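Presented sequentially are two complexes of subunit A, the first with subunit B as partner and the second with subunit C.
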Partner chain A sequence: MAENLDIEDLRAMLAQTLELPLAEIGDESHFTEELEMDSLMSLEIASNLESRYAITIRDTDFAQARTLVQLHDLVAAKIEERSAA
Partner chain B sequence: MTGAHTSEPRRVALVSGGSRGIGRAVVVRLAQDGHDIAFCYHSRAEAAAEAAEEATRAGARVLARKVDVSDPAACQDFVTAAEQELGPVDVAVTAAGITRDKPLVQMDDAMWRDVMATNLDGTFHISRAVLQSFIKRRTGCLVALSSVAGVYGSASQTNYAASKAGIIGFTRSVAKEYGRFGVRANVVAPGFVTTDMTAGVGERTREKYLGQIPLRRFGAAEEVADLVAFLASDRAGYINGQVIGIDGGLVI
Partner chain C sequence: MTATSDDIVITGVGLAVPGLGGAADLLGAPSGTDGFDPATGLTGREMRNKDRASRLALHCAHTALRDAGLVDADGYTGDRDTTAVVVSSNLGTLEGLCQAVDTIAEQTVVGLSPLGLPGTSSNVVAGWVAIRYGLRGPNLTVCNGATSGLDALYWARNLIAAGRAGAAVVVGVEPANEAVTRMLGRPSTDVAAALVLEPARTAAARAADGRATIGRYARTADLAGAVAAATGGAEAIGLRLTGADLEARLGPCSGALGVLQVAAAAAHLSGGGRGPVLATTGGAPEDDAAAALVLTACGH
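Then we have the complex of A and B:
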């Protein structure tokens, strides 16, 4: 069963993967321009999200989410899609 | 224009990827060392013109030509033109290189093929073309640009690392095949060098890389060019088939 979605969990996941303090992961911090997320980190985060929330995230989906808030919205939409299916 | 600084005949050096980065620094350094220069570039005509001007100021006759090194016929034509215009090539430096970084699972066929075609095929095409004359004249020197990525691997650069590892195997084999003809072939494997290719690295990533380099700085293209110039010179006459790292101690 997938865990419930909490933006703070996403923030912690980002901080761990990016090796940054939690405080540096702002709601609107840009993943690549401010947090220097590279494509390998993106892959790791997408993979972690897929396992944790039992969803499927395509590369093109992930590329649309460039901030924590956008990522939260993406994951929420994917969970909803899965529940509706 | 003829060489102004010496009465010795100028040697001829051919450089692929000479308009930017390490290749450009090599063009300038070899010109300063008394070579006439034939170099090719892929797309940056303006940068190529600047490199040509700098080499000319150093006293070299210069032939700059737009060449796609993944095209074997274009490479052969370039070498033929260089020999017709400047005389037999004494030194060839293969510096043309590109990156198309992605984790392997996201790497499409074009990203793989483009990198292999420019980096590895390009080295093959240029080397094969100059070796014909090297063999006839029983002398010649190849210096191929590889990378620490080719020796030790690099995440998100499977294509680039494979191409650069291929260059090492290729060049060492050339050294074994053509040593008997007086031809030397060596590889230079730079670490982090400040060029256009590394300019996109963010500040935090840059700090992380710097933390891994004992000298705590990136290299300069001119420092790599100094090594290439040494390997291309008679002072390195007994160095053959070697891979020389220039990385500030990144890999020890």
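Then we have the complex of A and C:
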């Protein structure tokens, strides 16, 4: 059962995966430049999002989302796609 | 004994042992101040998503490299292309492997986390240390039972003597966790030590202090044979480190033991203690071999 999308849930998931305090995950914090996210962490986050929201995220999609707000938009669009299908 | 240009010396020492500050604490009662605390010492961005053995190794490797004068704000200042990393650990990856196997049994491979994958590699600790400092020299893990720590020192020394590496970071590490405790049948302890090895001439060229010179080493089936081969039967020994006292104080040290002993030897010799120091590991009925390594003071 897919969960409803909430930006605060995404923030908490990022904080947990990146092992950073919640406060460091700003809406516009850059994933690689500020939060030092590497490819393994990206894979982990994408895989968590896929199972949590029942969506498919391609590597190229994830590479486009570089902040929490952008990631939220990406997941929202993927949920929309899924619902439309 | 005076160091010669072909000698290989220890120029940096670092520890990650709960409650202990520096290597001198291995020789007697700890000074009690600024002892290592895993709760605070194993956090920070460079520690994220790493197994406990790697975190302990990164902590003590940094201390050793700083002690050797080989790190600044921009990272490693030595020759990255020729610096080796040699790790000794017998049980470091046990917990990660057990967790991966349990997850596969319960959820199949789809339950595995990508972040846990590096922790299932037996070379994970050496890999993370190399990645952290950009070290592109030889990179290996010795997982060799009781003699592992002294063996790692020997192999690091050989890499330098043979010209395969210009310097080496040697780490001995064993993490405390449930899997290790189950395996040993008694509580496990976090123990890690790191040493920086360089040719004496390299250390002299950058005016770095040598703490001890790596002398003869032997690994044989029994302890008496190893000691006789390493000492040549002739040298008067100033200090014998059997490891028994360290394990009585710290708990089982396994693959970290030999590196901890050599850290203690370096503290003894650089503090003006009488040499040479003879470090021995293994030789108990349950061990498949014994190793002995002689360390001498560095000449000036």
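Note that the second predicted complex is superposed on the first by the 85 of 85 C-alpha atoms of A that agree within 3 Å, B and C clash if a C-alpha of one lies under 4 Å from a C-alpha of the other, contacts with A are read in each partner's own complex, and residues count from 1 in each chain.
Here is the rule we go by: a residue touches a chain if its C-beta (ideal position, glycine included) is under 8 Å from a C-beta of that chain, and two chains touch if they have at least 3 such contacts.
Keep in mind that this is a model prediction, so the values were computed, not measured.
J.: Should the superposition on subunit A be reported as showing a clash between subunit B and subunit C, or a fit?
T.: With subunit A as the common anchor, subunit B and subunit C collide in the superposed model.
J.: Is A:Asp59 touching anything from subunit B or subunit C once the two structures are fitted on A? First, second, both or neither.
T.: In the superposition, A:Asp59 touches subunit B alone.
J.: Taking the superposition on A as described, I'd like to know which of subunit B and subunit C A:Thr17 touches: first, second, both or neither.
T.: Touch status of A:Thr17: second partner only.
J.: Is A:Leu40 touching the first partner subunit B, the second partner subunit C, both, or neither of them?
T.: The answer is both, since A:Leu40 touches subunit B and subunit C.
J.: Determine, for the superposed model, which of the two partners subunit B and subunit C contacts more residues of subunit A.
T.: The larger set of subunit A residues in touch belongs to C.
J.: Can you tell me which of the listed subunit B stretches (56-64, 74-82 or 218-226) runs into subunit C once everything is aligned on A?
T.: Superposition on chain A puts subunit C right on top of 218-226.
J.: Both subunit B and subunit C touch subunit A; at which residues?
T.: After superposing on chain A, subunit A residues 36, 40, 43 contact both subunit B and subunit C.
J.: Would you pull the subunit A residues touching subunit B in the complex into a rising list?
T.: For this pair, the touching residues of subunit A are 36, 38-40, 43, 59.
J.: Once bound in the complex, which stretches of subunit B touch subunit A?
T.: Contact set of subunit B toward subunit A: 101-103, 105-106, 155-156, 202-205.
J.: Which residues of subunit A touch subunit C in the complex?
T.: Answer in residue numbers: 17-20, 36, 40-41, 43-44, 47.
J.: Hey, which residues of subunit C end up touching subunit A in the complex?
T.: So the residues of subunit C in touch with subunit A come to 45, 47-49, 113-115, 117-118.
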